[in-house]
Amino acid sequence: MADDRAIAPVRMAMVGGGPDSFIGPVHRMGAELDRRIRLVAGAFSSDAARSRSTGLGYGLDEDRIYSDWRAMLAAERTRPDGAELVAIVTPNHLHLPVALAAIAAGFHVASDKPATATLAEALELQRALEGSGSVYALTYTYSGYPMVRRARAMVASGAIGTVRKVVVQYPQGWLATPIEQQGDKQAAWRTDPQRAGVGGCIGDIGVHAFHLAEFVSGLHVDQFVADLAATVPGRTLDDDCNLLLRFGGGARGVLIASQISTGEGNDLSLHIYGSKAGLIWHHDEASRLTVRHADGRMEVLQAGAGPQGMGARLPAGHPEGFIEAFGNIYCDVADAIRGQRELIDDRVPGIKAGVRSMRFVEQAVMASAQGAGWVALERDGA
Amino acid sequence: MADDRAIAPVRMAMVGGGPDSFIGPVHRMGAELDRRIRLVAGAFSSDAARSRSTGLGYGLDEDRIYSDWRAMLAAERTRPDGAELVAIVTPNHLHLPVALAAIAAGFHVASDKPATATLAEALELQRALEGSGSVYALTYTYSGYPMVRRARAMVASGAIGTVRKVVVQYPQGWLATPIEQQGDKQAAWRTDPQRAGVGGCIGDIGVHAFHLAEFVSGLHVDQFVADLAATVPGRTLDDDCNLLLRFGGGARGVLIASQISTGEGNDLSLHIYGSKAGLIWHHDEASRLTVRHADGRMEVLQAGAGPQGMGARLPAGHPEGFIEAFGNIYCDVADAIRGQRELIDDRVPGIKAGVRSMRFVEQAVMASAQGAGWVALERDGA
Amino acid sequence: MADDRAIAPVRMAMVGGGPDSFIGPVHRMGAELDRRIRLVAGAFSSDAARSRSTGLGYGLDEDRIYSDWRAMLAAERTRPDGAELVAIVTPNHLHLPVALAAIAAGFHVASDKPATATLAEALELQRALEGSGSVYALTYTYSGYPMVRRARAMVASGAIGTVRKVVVQYPQGWLATPIEQQGDKQAAWRTDPQRAGVGGCIGDIGVHAFHLAEFVSGLHVDQFVADLAATVPGRTLDDDCNLLLRFGGGARGVLIASQISTGEGNDLSLHIYGSKAGLIWHHDEASRLTVRHADGRMEVLQAGAGPQGMGARLPAGHPEGFIEAFGNIYCDVADAIRGQRELIDDRVPGIKAGVRSMRFVEQAVMASAQGAGWVALERDGA
Amino acid sequence: MADDRAIAPVRMAMVGGGPDSFIGPVHRMGAELDRRIRLVAGAFSSDAARSRSTGLGYGLDEDRIYSDWRAMLAAERTRPDGAELVAIVTPNHLHLPVALAAIAAGFHVASDKPATATLAEALELQRALEGSGSVYALTYTYSGYPMVRRARAMVASGAIGTVRKVVVQYPQGWLATPIEQQGDKQAAWRTDPQRAGVGGCIGDIGVHAFHLAEFVSGLHVDQFVADLAATVPGRTLDDDCNLLLRFGGGARGVLIASQISTGEGNDLSLHIYGSKAGLIWHHDEASRLTVRHADGRMEVLQAGAGPQGMGARLPAGHPEGFIEAFGNIYCDVADAIRGQRELIDDRVPGIKAGVRSMRFVEQAVMASAQGAGWVALERDGA
């Protein structure tokens, strides 16, 4: 902030995020929270009236509200004040075509997870990014939380000793009944293989859990057993996932992701146990991190206290949440666009994480369908 | 959002909020969160370099970054794109002069609490507002939380029966040691009668507790006994406050506000008991509201589930916090400025709440100093 | 346990504790938990059939089940295997006559709180105890909890610095409706001045809160303001109590005891803040003690871990509760009877605490009735 | 209790439970808590001095304190006041010989888990029990908790709909370091295959988790994948267990049992999700049961409120714990001995549960060692 010129915000266009969207507004609020990014254009819906309504609600100029994202990319790339960054918040099947077109047109990309609908698509996207100048970021939300970042830093510093066990759980209950047959749009596309891709729950929230486990532990899953089920009658995609994990180095773990855990909201949790201490984080108490020491001591660390640089904006006791976590990721995206490319694939998930997640999704779906036991999860050349 | 034109955001200028400010950035982020308001100018500090640094950090045009708030008001009132709303985030002693000047110049005002440094000042401000066209709002943060608004609605609807007891507690620990003597700027002005006004802790956070109790219960405090102490050696203003309350209609209560509750963060809490049920809210779990029924049933209500209109942006399980609570208040401020004046003094605290709070502060300070027992709290003509 | 002879348990007789009693069985279970005491006789009810039913349920010999407690005392004092200790678990108005008779007959006494129905009675009891050889203990339950004892030890050791603030709260909701008019026996005698004595809620649970505050802080309440209310129509005794406290040495505090806090169970809590740290204990999480340090660190201590001698029987993570807390007090009673008289008035409340509590009750009731402000609480020659 | 004669308590002898025992005293306190059972004899240790010290500490007659459990069985069977019930609280390898001898001599048996050290032993025990008149009970502690029993009743009543998912987790950290090499006796025998049997963690606490899952869900595990690890160098038995489960009827689940979850105490938890609601129970908050409804409502049920017959002795808000849970099981044991044999294998685990658990342990150990995938868990003729 001690610069001698105003910091020009990164100009952002959004694809998706129309009137019924949950995640579109979150991207918008998070991206703009710190004034590092500014929404300037959007193709919020292919229905012109719906897109217009959303854009006007944001106060956008009418001529920068589009119903065709291809038209938007074409128009924005030539404007002197045109968007630099494209946020993709559509159903999964559009992630690839939008991202490819955006990259081809020279935009940077921030995409909601999962990277694509299939592994093949993710690999295609990876190839497209090679040699391009585009920053590509995947919004694995939970990696933006201050106490997740602090947990990761503690593990990396050796504070908990050698990691031995990682349990990650993501219980949701909103798909416990077949609401996709009752007009719920969010449920409809997520349970539709044409729009969601190969994975249901595993692709929707399993990837969050998978990323969180690797992000904080600093380890890679090498083997797994997957049991994925389509529990609610009428579904073809999984809505409940249970996996055993083995990490490189010998740590073991469990991953649970479920959308039929009736009544549950969004309490993603991580338990990571090392030879010296254990760390426990729950999304329902996102500003806290519990440390359990081998000698029985139990500490509760709080966001806003302790080391700087974890992303807390406010002192301890002033709750921050989901939007702020998005904000932290988008700050890093802005920094990456403005030059700090090294943030991508380190603190901010990029296409590597995208490919890895899709490989995980696809192998898990296949292994489960085959009733397989232990399966090796391939590592991409890293 | 279904309007046919873009919604023009309210243009805001800020007074205060320089590099060391805690609350300035919160006002900025909250105000802008929903794109209803846009910061366009600021006099962030009387030190030109510090003000400039802050303003450039926000990406403001250099010519709209001021070091003299009077100059800012003069300049902004004449610009066609000038600010409409002035946010006051200075130490308390400047609340009145800035507000008076802003009102005189035709601006709307959103002021941090307390309204002013003394009751006399609050009454002067009230007179200035009479007949002016200015919207005046006081950011009693906690009234912006969805579950506080839901508690209020439940009480008003009779869901808990007749209110009998109200316990409001605001424990902080950050002034447990004399950090004002060790260079802490936030502590320095709050413990200085010249800048803080007549109340220390009572004016800083006691007013939050007082407002919350009346806001949710719908009752007025009629009598109280106050025990205010300057605990840490060297202080003249109170840093610890304990009060018994009696409300109109016969309910009783307790108000605790403390800044020497060592180790405590910011866990303001409200317990309100009616003849049918009790409601419990804690800032540390701001997205939850516990309902305890006379028959023993215990329910936990969550923000983002249940009735609309309480201010939750996200579905249950996605934590929102302090910034979002500010955002809710600022949305109402924008609505009020754009025509819905009735929101002020109803859902959004205005000068009435300001005068009432300052009367409370001043009477509490005086009664405590005199060792008085029960004291009647005057009601302003309402 | 390394002695060379069997440890003979203290033989106990019980007065009160018939079929509808809540606290009688708790005394019995607590007293016998560690095999230091054995129930051998009882006058559980003045209704012979009810007393017999209770006694047979405990497996007592028929000839040691009485309906007249005077007859029991007469008989047991002359048996070679007669009771040594009398547990008094009747409504308050019988505490004095039973205790006086028991002491006169050479028994030791363990009495439920409050000591007596009035201060005059407590003083009479104190005189009777002087020069007698009887051990007299008051079962202030909460002083038996391991984490309460640990908190007390921490305060005494200086671990939290100088005590500045003590907030004790005892919210219950079971008398929020007039259940005493609907056949509830527990409510009937507690709301009846003839059986409960001068205090309602203040005598029933306010004394627990008062004792806990002094027990842990090591301080004495010197002054208070009391606001006691009979909230539910038809009551003459208080059912809701709010008090401001000032302790010797300058600490301040608040005491809340309520039986109309609708929906609340029995979550007595203590917050005690010193110049270095704060301690927080809640009965709902009785096996934990939270320590909040001035530097922001927050620790959670657990019963069964840490220093010995606090009364935990089991390692951390194995919950103990109300019965075990009674057991800890009764262990001390047994030790006192077997020779360690110094435990009484130190770790175990005796008649000093009884007189002090009744003075507190009577002064609080009177001061509140008079609408008094600050009142000095007399200290008994200690 | 309304009988016309005193209820004679069941006379109990104990094998094991000497000076260093954790669980022996818990059995003793639990068994005696409700005066349904009375410890009259014991062979607490094969070291005569240690056994004597323990027995005298309990106030036992010297002639009923033994160092040889065979001698005890011989002596007690012939005394007119001899023990009727033998409590087995030894290391696992002694469970079978003591139980067989006790049954042969006509005693009833209450054994700590696991039933035996191996499946073959459990089957041998089962054969011995057939045709004998002995009651045999296994103290799966957690099945004695009121809220576990309530959860089971709710599931059985259809309150949560069809069970779809069961997650049971038992994290402990006390074996995170090799304390068995540092003189810890509890750790020494549990990590020694000669004394613990085929399973380490899986036999010690995994069986608790397994039993809890089946007990509450009313379902049987039909298939599993097991990943058991001996994490701490030097161990041959497992200290960390992760399993995927499939239940009859199609429900899926996860079982985690670990003794290297550093810093964890004993917070066994159960999450069970049905088509209508989810139930969540944590040992750390054993007196509460959370119900999460499909429509988003969240209720917290409390022990001591609600339906009778779940085993709570005290009204809501008065915590009960581990000893009381044992007490509930022992009450049922006493009832079974006094005639209600049907309680065994229904509410109280008997040899069926014992055989089943040992089959689970042995198959899990074997399958994990082989790196197997899905394995069928055989059902015993039920």
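We just call them A, B, C and D in the order they show up, numbering each chain from 1.
Keep in mind that, in the parts below, a residue touches a chain if its C-beta (ideal position, glycine included) is under 8 Å from a C-beta of that chain, and two chains touch if they have at least 3 such contacts.
Model, not experiment: these values are computed from the prediction.
The interface with the greater count of contacting C-beta pairs, when A-B is set against A-C, is A-B. Comparing the CA-atom centres of all chains against that of chain C, the greatest distance is found for A. If you average the CA atoms of chain A and of chain C, the two centres end up 55 Å from each other. Inter-chain centre distance (chain A to chain D, centres taken as mean C-alpha positions): 43 Å.
Measuring from the averaged C-alpha position of chain A to that of chain B gives a distance of 35 Å. Contact of a single residue of chain A with at least two other chains is seen at positions 264, 296-298, 302, 316.
Those residues of chain C that touch chain D in the shared complex are 1-9, 19, 22, 25-26, 29, 32-35, 53-62, 172, 264-267, 283-286, 302, 313-324.
The touching residues of chain C, counted against chain A in their complex, run 296-302, 305-306, 316. By the touch rule above, chain C contacts chain B in their complex via residues 160-161, 164-165, 167, 169, 171, 173, 176-177, 225, 227, 229, 231, 240, 242-244, 246, 252-254, 256, 258, 260-264, 271, 273-278, 291-294, 296-298, 371-374.
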